[in-house]
């Protein structure tokens, strides 16, 4: 079920189809997954999100696999089932081993546990953690 | 403000003080941050959480800095101010550069954005992402 | 799947059936959607929630469609799949166009993105936003 | 800081002051906490929420302390600092011991941990948990 | 669908099978539910989580049913469908009546409602709720 | 407190200062609020977010005030204190009356309440809400 139609290539506008084609070209596969098809009713937003994903997830100061692990962590905490599935698959495609997946799960679970404790305790932030007054870039 | 007292060394039980001392020894600093002091009314849980943090965050299939980035990502998504502060500081202490911090923020923000979209659209998960029936370890 | 039975008209108590009948009369349809059937085991809560929905979502200082858009925004952020589906449908029934739906999605996604950034940065609230000390109604 | 003024008795409307007085009478104290003062700009909603709190938190099939523990658990998971503080205080006022508080924290932290795991794993719900088709009240 | 295989007894490692057997022995049933099978790829984490569940949910300062109610409350607030199903079932198995379930739902819904209000209002915490400076155990 | 320095005009890079100046020009005020200063360490992301806010929040199929109400609703549900403050102020600046604010709060609180109920009940989505198979644009 979805709150919008999932647009096939035939149903998509030329602008949306152009994004589908770019997804295919960049990924080297004919398959366009449902997220993009559910976004395609708004071709402008479709293009912006695809551009943002491509630019943000590329290698930079962090490598692409690390970025996928962070993506899975956020998606899990936000409870987005679709995103957990698609980015766990993406992490595997970028080389995530079973041992790395197991450690990712352990860190996510530990953080959820201590987040709950610090929140329930309303622990005040130590002054030493503050960066407000530090010099730019220090 | 906190929902519990933050125990000083003098107020803590011998069991809790032993954990404080271990934190000091492992970290090579005299400072014990507020989270541990707010947990110290339950020395058994204090010890368990400290042991879990030490074991989970050690180098393994993922390196310690990657684990801290994941921790910040979860803490941000869960809205735990204390944990965001303490683990951003921990990431810096483990070598996170300003450029890496900037990319971490970009990935977290992008994931929050697409999580919201996939959730609002209720996009159905592609069958190809399913691992239920795969062989163990495949 | 549900954690409770979905009560048919025959299974519901007279008090719950009376609420079902009111839902039908107000909406001008024979269909009672699953949310109300899953609440019906507690007829008092069923009646209170139905009364609250009717009173709160009626035209007032905000029009009914604007209220449905807000409802979808909250439901998306809370990750309630049922509510996203039912209130997106309700918004369409109250006249939401595809263009309005597209803009709703854009605002939700933008807010999720900047929420994540402000939370990760732990940006302190500007003093100018405070209303605590303002005069009532000012 | 708040997004609205906190109304003093002098600033509140007669309808809001009547709710303040009822809060004082029911609780046997002169102090009206900030939540009610921040709600008082809308006296009708103030009255409805106060009535709902009084009715829902009274002894019934569950005792008042158990209800406060559930309230703290929800407030922690939703990250509402105000509510965590006020309902932890309310639980103490209703007899919560330090040992009970410690166990409450342990259950909340364990649930957060396993919630994260089941969500990251996207574990499918066992058919045996389903109650949809069961008879009413069974 | 799941992001990992659900391991059958034949597929699980000897360490994971030993945990499955302990679950069966403690619960007096042959059935091992999907959560444990989805965790079994990491037998060490499987064992740790099972041990934590058993220890934390046992009778102590709070009785086992109260703990299950708290678990359902957290799982609902975190939106973990699997956990809501499994712990609602567990609460029923420990004696939760329909009347208690109805009151649990009412408290969860009330807390979600007032959490949203206090958060939208950004109500400042009353100084009287603070416990930071209190003596340990007071 | 913040996890990064808040950059003054003197500390900001020329690229970041240009965004500050554009914010001033568009808003007709000298004041640049903390969110932008906390983002300024990454001038590229600062510019992208500012551009996205300006484009998304402009009048379109939805009017600017409706968009701010949706923004407040999302920010409340995500528990972002900074964003609740800044967008409640923005809504007031765009004409939100006290009566509209009161209704916004009521809708947010009602949605949070029924979200919690539908989630706790795990109510299955009615087939009639599905749009997956509908024709594009229908």
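Quick notes on this one:
When the chains are written out, they are named A, B, C, D, E and F in that same order, and each has its own residue count from 1.
We take it that a contact is a pair of C-beta atoms (placed from the backbone, for glycine too) under 8 Å apart; a residue touches a chain by one contact, two chains touch by 3 or more.
Bear in mind the structure is a predicted one, so any value in this text is a computation, not a measurement.
Listed here as common contacts of chain B and chain C: A, D, E, F. Here the chain-to-chain distance from chain D to chain F, counted in touching steps, is 1.
In this assembly, the chain whose C-alpha centre lies farthest from chain E is F. Relative to chain D, the chain whose mean Cα position lies farthest away is A. Between B-D and A-B, more C-beta contact pairs join the chains of A-B.
Looking at which positions face the partner, chain C and chain D present mostly the same ones, since more than half of the interface numbers are shared. The mean-CA centres of chain E and chain F are about 33 angstrom from one another, to the nearest whole unit. Between the Cα centres of chain A and chain F there is a gap of 20 Å.
Averaged Cα coordinates give chain A a centre that lies 27 Å from the centre of chain E.
Annotation for chain F: residues 1-4, 6, 41, 74, 76-81, 84-85, 88-89, 98, 102, 104-106, 108-117, 119-122, 124-125, 129-130, 132, 137 touch two or more other chains. Against chain D, the residues of chain C that register as touching in their complex are 1-7, 11-12, 41, 125, 129-138. Against chain D, in their complex, chain A makes its touches with residues 72, 76-77, 79, 81, 84-85, 88, 104-105, 108-117, 119-122.
The touching residues of chain E, counted against chain D in their complex, run 1-4, 6, 31, 33-35, 38-39, 49, 52-53, 56-57, 60-62, 66-67, 69-71, 73-83, 85-89, 97-100, 102-104, 106-108, 110-115, 117-126, 128-130, 137.
Listing the residues of chain A that touch chain E in their complex gives 79, 84-85, 88-89, 98, 101-102, 105-106, 109, 116, 124. Interface residues of chain F, counted against chain B in their complex, comprise 1, 3-4, 41-42, 45, 74, 78-80, 132.
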